[in-house]
Amino acid sequence: MGAWTDMAFILVVVLDLFLLASSRLGAAIRAVALQGALLSLLALLLTSSGHDLGHMLAVAGGAFFIKAFLIPWLMFRAIREMAIRREMEPLVGYVPSLILGGLGVVLSFALSRGLPLPTNEMHPFLVPTALATVWTGLLLVVSRRKAVTQVLGFLVLENGVFIFGLLLTDFMPVMVEAGVLLDLLAAVFVMGIVMFQINREFASLDTDALSSLKD
Amino acid sequence: MILRALLQIGVLLLLPPLLLGVVNRVKAIAAGRKGPPLLQLYFDLAKLLRKGAVYSRTTTWVFRAGPAVGLAAIATAGTMLPVAGQPAIVSFSGDFVLFAYLLALARFATALAALDTGSSFEGMGAAREVSFASMAEPTLFLVLVVMARATGSLSLSGMLGPALAPAWRAAAPALLLSAIALFVVALAENSRIPVDDPNTHLELTMIHEVMILDHSGPDLAFILYGASLKFFLFGALLVRLVADVGATGFWSAEGAFVLELLAFSVLVGVVESFMARLRLTRVPQMLVGASILSVFALVLLLR
Amino acid sequence: MTALLALLAAVVATASGLPGLLFRRRPTLAQRLSAGALCLAAAIGFGAALPVLAGSPPSVLHHAWGQPFASLSIRLDPLSAIFLVPILAIPALGAVYGLAYWPQAQLGARAIRLQLWYGVVAGSMALVCLADNALLFLFAWEVMALGGFFLVRSDGDRTDAQKASWVYLVAAHVGTFAIFAFFAAVGSARGSFDFAAWAGLRSTGAAAGWLALLALVGFGLKAGLVPLHFWLPGAHAAAPSHVSAVMSGVLLKTGVYGLFRTAGFFEAPPASWGIVLMALGAASGVLGVALALAQHDLKRLLAYHSVENIGIITMGLGLALLGRARGAPGLVLLGFAGAALHVVNHALFKSLLFLGAGSVQHATGTRNLEKLGGLARAMPWTAGLFLVGAAAISGLPPLNGFVSEWFVALGALRALELPLLDRASFAVLVAPVLALVGALAAACFVKVQGTVFLGNPRSADAARAHESPRAMLLPMALLAAACVGIGLLPSLVVGPLSRGAAAWSGMPLAELRPDALGALDSAAWIARVALLLLALVGAVLLWRRRQRTAPDPVSETWGCGYAYPTARMAYTGSSFAQILTSGFRWVLFPRVRFAPPRGFFPSSSRFSTEPREAVLDLALLPAVRDYISATSRVRHLIAGRLHVQALLVLATLIAMLAWRLLWW
Amino acid sequence: MVLFVILVPLVLGALAFSWPDNRTRPGLLVAGAGLHLLGILSLWIHPEGPVMNGYLFLDAAGKVVVTTSSVLFLASAVYAQGYLRSRDDRDNRVFVGGLLVLLGAMTTVGMAQHLGVLWVAIEITTLATAPLIYFNHNARSLEAAWKYLLVSSLGIALALLGTFFLALSGAGPDGPRSLLLADLIRAGPALSHPWVRAAFVFLLVGYGTKMGLAPLHSWKPDAYGEAPGLLGALLAGGITNFAFLSVVRVYQVTNAAGEGAFARDALLGLGLLSMALAAVFMAGQRDFKRMLAYSSVEHMGILAVALGLSGAAVTGAFYHVLNNGLAKGVLFLAAGNIHRAYGSKRIDDVRGAARRLPISGPLFLAGFLAVTGTPPFSPFWSEFMILNAAIGMGRYWVAGLFLLFLAVIFIGMGATVLHVVQGSDVGAPSRPGFRDGWLTAGPPLLLLLAVLALGIWLPGPLLSLFQAAARLATGAT
């Protein structure tokens, strides 16, 4: 049981690094989907006897549906409909971003030692994984050129936040939790729509084309 | 008392033309000529006053008023000057400011009258007159300030009165410096050599003379008389400052005063005959030099 | 009671523009009404001010106000009263002048707008002098500045008006910020924003120095002290002439009033402040008149003379401060009297001159000195009245300008009575500086009067000139009469001035009395001499008339043998001033264009000089241009780059984390 | 009534999406705005306690912001009638609906006492705004919307993380284990300090992005530049104010937890930086709508500085929230009219607006004077209060920089505004058929009159409200 949880966490981090390194868009999306799936799994794994199982099942199910299924599907559809080139086209090369990501992982594990967790029953890997994932997401947003990849980065960021949210499942009201998921959905959804529009207005989905607004 | 006042006014009004006569005579002698009679200016004035005047079509009432205002202003200034030991007719604390500004008023009037003719020559003369005067004005003030500091009085009568002798004992160098500065100012203000040549005949080089080219008859008489009066005022100022022989009796003081004035005229005449006129561009330097001199004198007293 | 009257006057003045808006149908009537309202305001204001000047105790009015820290507190003391008189009188006369100069019947909306803002400016100026609460003061102050901005833009299609008004607004706003800070500092130190609570500020220590500096910058900008005068010439030249009269005559004075008030707050200001003010005043006086000498534009020239006169006023204020520092009542009285009286005098003759300039522009359509000339025959009244103003501003007796300058000069000489070896006694140098300024001013106005009104017309426009309508002459005549009146009866003003000095300096009147009596005596003498002068002039002229038998023969001007002198041969204004301007080349930075005659038979050659505003054109504007080009470079780094924008967010986060979080 | 003012706009919004007729649909805006304002007024008259077990409550701080934006929204709604009439070509279903949803979400932000609810509401405002920016359906507006969405989503994600941190800080055995403002403040020092600090940093960056504090402001020029004028007004005078309110909430907790000093320094730094950047970017700005964006950055900076100074300055800050909201309304609506009348917002094309639009042109100028703190307009007073507080507590450098930036901004902004307003408009490009109507020029005029009235007389109740809000924010009793 504990071993599975450790494995899941480690896998999430590995996926972060993979995302930073991967040059193929499709692969990256699948990786994000897999990460989403892992998160919903974690949500279940971390439920101790303390909470009501129904709620956790709902959260995990919702997370799985959105993160592992719906959003990846949207993005694949976007790529297909707009014939986007399948490369990531990084502004920062793979090796440097990989190094930065690794650095982030190390730092987050080191830092989270220092962070005094008020709730002791939580899993030791949780906070560092969350931080590392957030960091990876930010890196992706900043360092990748295409709009799609920036959405990817944003998703990873949201994943990190979600992981962190797992810390609070026991005392955070349901409403907020639902709101979180709903907002993530909405955010990405609107982004998707916007992306279709971008495609209609501009030839490619390259956000560098989105630089006509200057002073 | 009344008599003395009348006498002072008499000296003030009658003596000045003589001084210019003396100057000219000295120059003539120095040049080996016989020269005009000492009273020549009196004759000129009398003649001009009897003549009529010719006016240019360009001119307005300003041109006619100019000489009158000029003369009146200078004469009024004269009432503040202590002629001999006794205080002047008009004397109050700060009167010397009025004295200087009255002379400025005379200049203002004459210069405007000159511009009223619309002639380039007169414009030129007016320009030079006011420019050089505005450089001489601070010097005059500085000299007066020095005297005020030395004598501790703020009225001309006080400055040039009995307090002067002790002041000379106390602060001779400062007073001497300012006397020199005052002499320079006197030459400039009365348009004498080396600043201006009163009897040159080339308009382009004139200052004061060219301003009054268009005046004729009584107007010219007013101007000439005013000029001599001004010469008298500066002379009196200077001689009271430097040569205050502590003569006590009224008549003796009066007499000494007249003699000193004549001596001043002789001095001017000598200077005129043995110096050349400066180039116009050099004149400012001389005037600024004089004011620096007087500033130095003031600093000597203040430090 | 009197305070209430004064407030009423301010309100009436503020509202005076409304008739123009209400009765668009009957423009002439409307404009008459608004001018009448301003005159009424002036009358009420006099009714309030004169008793206070005559010695009745200062009157206070206090009322709560919704705004934080602020209160509607009005206080009318001799100092306020001295300023209130011209501040209400000049706009009234200007409005009468405007009836013919800026008629609503022809200009319509532009005139209506002008009248609205004109009233607002007049009212807010009055309120500035009455305010007894810092925020009320600031409020009125800024409204006044704003109104001035709109007045300068009265014909806003002219680019020079646009530029000038903008520079003016910026200067006013920056100055307000300095005052802003000053008031906030004092107010929070004193815990109250009522001026009543501000008396006796400590004037020692660095803090006091900073406060004084703030006030000096803030009010000096409004007053136009060198080098803060850069906004002034443009604004005053661009505005319509009766507006220029108000701005130059009284709007600047609010800055002086601010300096007075502020200096009044501090108890025993150090001598150094007085020295600084005198130095600034001397610089403003000399440079102002030097810059004026070089101008070709009549109104710009007059504007620079405002700088000069503000310099004279500041010198007087400096003397008074020095007197307070040294406890010398003579300095306080004469310095204050000179400064305050010059405030009034300058308001009188400068407005007179600006109105005259307006008439000239009205008659010829130009302000360029080189195109004017010979107007005295076409418009004798204007010429005569202008001449009075010119003589007055040159400080010549028997006019008012001389009286105030005489006070200042005498005050400077009283510095000699300071104990020996007191450095402050060098303040006596103010006197020769004053002489220099006066002489230069006289030279400058000989030039103006000569080139504008005397000689022959230099252009067809000048030849077509015509006398101004009565509505324009009347205000000028009144102003001229006031100039002569003060010049002939200086004794009248000594009493109010000494009361003002006492109220301002906090010295008991008894302590000032001996010097006041001395000044009174001298003033009486000045009056006698002035009368003597007039009598002599009259006598000479009379004699002249009586001994003239036949009408004088008339001919051409003697051209030294040349029979047909033309206006093109006459001495121009710039050549008239050349000797002096060449002496001040180091401050004028003139732009000289010179095409010398070439060849044996030179065809055409031209020479022209154009004075430049050193501070504005050579320092400020280039600096602004560089700043803009630099910032646009920075802007292009960020604009339009999404990654950079995201990176900024990330960087901020990391920076703040690194700042605090890493070491707890 | 609390729920009423939240639900009415949402319901009407839903109605708008299903409303068939394009011409009559904008009417819903006025209806929603009017009812909303009425509701707020009734809340003024009969204050109500917390509802939904304490999640929603209109406290003093909220009241200031909600009232401001309610007035502003009403003005914009009236303006929208004229505006959308002139844009008949476009389907305004999303626009009207989005605006109403926005109003509902904003009101929720103003009333939320629970940080989770607060965050949700903020997120909704973002989502509702994005399509509105895209109203013009052209490349530029799309780019603007995209940037707005991405940057503010980043911010919002960080804010959520911060909210979690805050929750975690109270998760200790003796902690409140709740995100209710009251509980957190009551717990105060018991909260775990490192987490509170972390939370403050993340929340400040997150909500600061919504506020548009420099250097998180980068979305503003694009969004304000491309969005319709009335949306600009709502962004600059409404949403950003609510973001500031959220920062205030966070500050309340941080301060109660004893981390106030750190928070104040951070706010002061960001605030001054914002004013500085505004000063830098304002100069030589060729596009008058983007210029307004930088002005908004400046004023958010002023608010941050005031909160960072704390003490009396915060009263000024809440006063400034009101003034800035109204003045920004004037500016953006007038700017929108000018933009419509010239078909351009480059100052190279636009000049003589005072001639062509006899109301909107002068309004633009007056709005500029108002927003730069010139009497007799009310921002003068709030800015003076803040400055006075700074000097009163001896922060001379802050005061000096504050004044310096204000001066530079005045110059930079004024040059642009005057260039637009003055002169003659001959030769400037024109779009026939648009001139000042009461529907388009009336609302900004009324807003300006409101600013003027506040500048001349501030009603006592308002002042006491500001003071109460300040006490709330600074935790003073």
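As written, the chains take the letters A, B, C and D, and residue 1 is the first residue of each chain.
What we mean here is this: a residue touches a chain if its C-beta (ideal position, glycine included) is under 8 Å from a C-beta of that chain, and two chains touch if they have at least 3 such contacts.
None of the values given here were measured: they were computed from a predicted structure.
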{"item": "Interface ranked first by C-beta contact pairs", "value": "B-C"}
{"item": "Separation of mean Cα positions, chain B and chain A [Å, integer]", "value": "100"}
{"item": "Chain centre separation (chain B, chain C; CA means) in Å", "value": "36"}
{"item": "Separation of mean Cα positions, chain C and chain A [Å, integer]", "value": "70"}
{"item": "Inter-chain centre distance, chain B versus chain D - centres from mean C-alpha coordinates, in Å", "value": "78"}
{"item": "Interface hub residues of chain B, defined as touching at least two other chains", "value": "none"}
{"item": "In chain D, residues with contacts to at least two other chains", "value": "146-147, 150, 154, 194, 221, 281"}
{"item": "Interface hub residues of chain C, defined as touching at least two other chains", "value": "632, 635, 639, 642, 646"}
{"item": "Pairs of chains satisfying the touch condition", "value": "A-C, A-D, B-C, C-D"}
{"item": "Sites on chain B touched by chain C in the complex", "value": "49, 52-60, 62, 64-65, 68-69, 71-73, 75-76, 79-80, 90, 92-95, 97-98, 100-102, 104-105, 107-108, 111-112, 115-124, 126-128, 130-135, 137-142, 145, 148-149, 152, 154, 203, 213-214, 218, 222, 284, 291, 295, 298, 302-303"}
{"item": "Residues of chain C touching chain B in the complex", "value": "373-374, 376-377, 380, 383, 387, 391, 394-397, 402, 405-406, 409-410, 413, 416, 421, 425-426, 428-429, 431-436, 438-440, 442-443, 445-447, 449-451, 454-456, 518, 521-522, 525-526, 528-529, 532-533, 536-537, 539-541, 544, 547-550, 552-560, 565, 567, 569-571, 575-580, 583"}
{"item": "Residue ranges of chain D in contact with chain C within the complex", "value": "146-147, 150-151, 154-155, 158, 193-194, 197-198, 201-202, 204-205, 208-209, 215-216, 218-219, 221, 262, 266, 280-281, 283-284, 315, 369, 372, 374-376, 380-381, 384-385, 387-388, 391-392, 399-400, 403, 406-407, 410-411, 414-415, 418, 422-424, 457-460, 463"}
{"item": "Footprint of chain D on chain A - complex, ascending", "value": "115-119, 134, 137-138, 141, 147, 150, 154, 157-158, 160-161, 164-165, 167-168, 171-173, 175-176, 179-180, 183, 186-187, 190-191, 194, 197-198, 201-202, 207, 210-213, 215"}
{"item": "Parts of chain C lying in touch with chain A, wherever the complex brings them together", "value": "632, 635-636, 639-643, 646-647, 650"}
